[in-house]
Amino acid sequence: MLSKDQIAQRIAKEVKNGQYINLGIGIPTLVANYIPDDMEVVLQSENGLLGIGPFPKEEDVDPDLINAGKQTISMLKGSVLFDSAESFAMIRGGHVHLTILGAMEVSENGDIANWKIPGKMVKGMGGAMDLVASAENIIVAMQHCSKSGESKLLPKCTLPITGVHCVKKIVTDLAVLEVHPAGGFILKERAPGVSVEDIKSKTSGKLIINGEVPEMVF
Amino acid sequence: MLSKDQIAQRIAKEVKNGQYINLGIGIPTLVANYIPDDMEVVLQSENGLLGIGPFPKEEDVDPDLINAGKQTISMLKGSVLFDSAESFAMIRGGHVHLTILGAMEVSENGDIANWKIPGKMVKGMGGAMDLVASAENIIVAMQHCSKSGESKLLPKCTLPITGVHCVKKIVTDLAVLEVHPAGGFILKERAPGVSVEDIKSKTSGKLIINGEVPEMVF
Amino acid sequence: MINKTVKDAKAAVADIPSGAMLMMGGFGLSGIPENCISALLDLDINNLTIVSNNAGVDDFGIGLLLKKHMVKKMISSYVGENAEFERQLLQGELEVDLIPQGTLAERVRAGGAGIPAFFTPAGVGTEVAEGKETREFDGKVYLMERALKADFSIIKAWKGDTAGNLIFKGTARNFNPIMAPAGKICIAEVEVLVGVGELDPNEIHCPGIYVQRIFQGKNYEKRIEKRTVSN
Amino acid sequence: MINKTVKDAKAAVADIPSGAMLMMGGFGLSGIPENCISALLDLDINNLTIVSNNAGVDDFGIGLLLKKHMVKKMISSYVGENAEFERQLLQGELEVDLIPQGTLAERVRAGGAGIPAFFTPAGVGTEVAEGKETREFDGKVYLMERALKADFSIIKAWKGDTAGNLIFKGTARNFNPIMAPAGKICIAEVEVLVGVGELDPNEIHCPGIYVQRIFQGKNYEKRIEKRTVSN
């Protein structure tokens, strides 16, 4: 089973040189730590920045410079600042190539649920619905099962959804899976030491297994 | 009969302190010369400038600074530059209070025709259709009759129209007229030396005369 | 240039009545109009509808207006940092309309730009789409969304001149410049107010035509929600 | 930062094929991509559709492309400065689609912003409305207009960095920044190309994310259409 950092590390391998990327809160944020130094990618923060830098040194903290998770950050050489309408024009217009975000559930047709649990306090969807409706490539980072052991890869989402037919790939603590255009999770890779049977038993949606499933390489 | 400059001078009296104004090409441009010095108004140029200044001195001519008529201009203290989408957001959103423009024909219900003559080369409407569809107050500056002596104030426009029910006031070489909400040109003022009968004979649309019609005062 | 200056926050917000529809700039606590929020707290008004991406925290920002029960309804994209908000919502004392952040930004932009409605893919197939017209363009389904306007938009900039031209700083820009034209009256508070001619016309983020009142604020706290540093 | 530089105009436009849909920035002759226009003239292509507010003059700007019969169709708001244009149009050698300037700007902006359609009051009741859906919102009638996109958008800025971030000068900004995101490939020529980090992130008019190719142009003529001076 992968740690959160290992999930992030595996996702970092999906990143291509020259991409503009939006990273959600949680595991996706960790992906930035594993992007190779020789790769030029630009991270977008939907509150109005292209070119997110590392967290600032204590003495450089600026309340006027935060990311979409409200954390203080820094800028890089070549960064750009803009307003919220421009930021989502960028996202909606497909200029951000890759969105990596967390999820509560993903369905076998690529629907994602990650914003609301009925009966619990609603916090709001923030920019998630815009992101999943727009990016050409959407990768979900999440645990394979909930804390109570229920599969989060389902035939159909049970929670209110954030977007339909949008998730392309899922990286969990157990596996890498792709969503088949006609429905179903194609098992692409196993986490080290995790068996196909184990993944099968923890995937409630349709699992597609084509031949030998390799172990992940980092 | 008023000269072009006198038409502009009379229109300048319609300008109110604190207004943002778009002036069309021709007589409307001359209006700027007659706005009193103690009045603070801002002229918008739809190619991307708020705060049009006077024509530049020869040595200050800048090809990167023109007005919507493609003339070289200057900026004022407090001017702002912006792109074409922002410029028309400003116009369409009703932030420009007053539009003054020329016309080939105005109808008694406030329609305006000023962009196209069938059979002649079409130049295009430029920003005129956006301006007349958006500004809360639209004043037309034009000659009362065409060169061939035909009235330009008509029951209905004969030329392709630029906008419907939009003209509020017309200042011609003969008169000041307001468009009645229910239709008709209300004769408000006569040019010095011009009789009501004269105006009546040169107005083909419905003319509404309420009592004594005063002579214009400049 | 037309002079838009008013004396202070108190003068700027004095005529805001109960039941008004307000837009307030800011993302989280960054770029919020602190001085105007304080001045609103001193007014005896309520039943406000507030359009703001977030709802502040319990003891800062819009949270202060919520605590005083001045707000009837919030129109936001994310309100998860505020326990008092949650309590009022569960008690039925507060309404909330949650909108995808990009849709919120575009609805505000449309409101200022004279666009009454537009189509967006965000929210298709979700509960956000309920009751809304959907339509297919080039094989993809979109929702029709309406423009948002307000009686007053209350924003915060870094620098401004007396004609209302504004420059923002860092990510404190966010919703501030797009809310300016969407309010019938836009009130802008700035950290630094300068005379006309002191800002470069090419560097202005929000043209003064959208701003009706401007003043220099004071005692900015600029509270940080999540101070994160690297070693 | 991602490096977007190409050697020159020739390299930037080399893969533009016959029949391509192009957007070209500029208002009148101000802010037009002079170097790219010259490089296009050296290509053996035709049947271009060009979205540009104007069509240049007989011997400069887009007029040069027209003279070489490279253009099948112009999508513009005003084309009145060009006699060759008129001749080709009357001869049926050229198509033209005339669009209100604000609608043109908003359609381009929508194309880049992922908005497939929107409503505008411009053109209601005129021949521009023919064949278009109309709709009433709050008692006023609007036309539905569709987004415009292009295969290539070709723009001109004053300063740019190697990551494609752009700053414009004066009213030469016009359609340039909004066309950048509306092209699948955006080519930007600049008067001054600098390294990343040399432009202030707060002063950039067009973020580099929209620009795929950038180069420093040369020998700018910047012709003036109407030189008007005061004494």
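By written order: A, B, C and D. Residues from 1 in each chain.
Everything that follows uses one rule, which is that a residue touches a chain if its C-beta (ideal position, glycine included) is under 8 Å from a C-beta of that chain, and two chains touch if they have at least 3 such contacts.
As the structure is a computational prediction, the values presented were derived from the model and not from experiment.
Touching chain B and chain D together: C. Set against the C-alpha centre of chain A, every other chain centre is closer than that of B. In terms of C-beta pairs in contact, the better-connected of the chain pairs B-C and A-C is A-C. Remark: chain B and chain C have CA centroids separated by 36 Å (rounded to whole angstrom). Mean C-alpha position of chain A lies 55 Å from that of chain B.
With centres defined as mean CA coordinates, chain C is found 29 Å away from chain A.
Between the Cα centres of chain C and chain D there is a gap of 33 Å. Across the assembly, chain D contributes 106, 109, 113-115, 120-121, 168-170, 202 as residues in contact with two or more other chains. In chain B, 49, 81-82, 88-89, 91-92, 134 are the positions where the chain touches two or more neighbouring chains simultaneously. Counting only pairs that meet the touch rule, the chains in contact are A-C, A-D, B-C, B-D, C-D. If you check the complex, the residues on chain C that touch chain B are 1-3, 109, 111-115, 161-163, 165, 181, 196-197, 201-202, 204, 207-210. Partner chain D is touched in their complex by these residues of chain C: 106, 110, 113-121, 135, 137-138, 140, 142, 146, 167-170, 202-203. The residues of chain B lying in touch with chain D in their complex are 45-49, 54-58, 61-73, 81-85, 87-89, 91-92, 111, 121-130, 133-134, 160-164.
The residues of chain D lying in touch with chain B in their complex are 27-31, 53, 76-81, 86, 89-90, 96, 98, 100-106, 108-109, 120-128, 158, 168-178, 205, 222-230.
Looking at the complex, you find that chain A touches chain D at residues 18, 20, 40-42, 44, 49-51, 75-82, 86, 88-96, 134.
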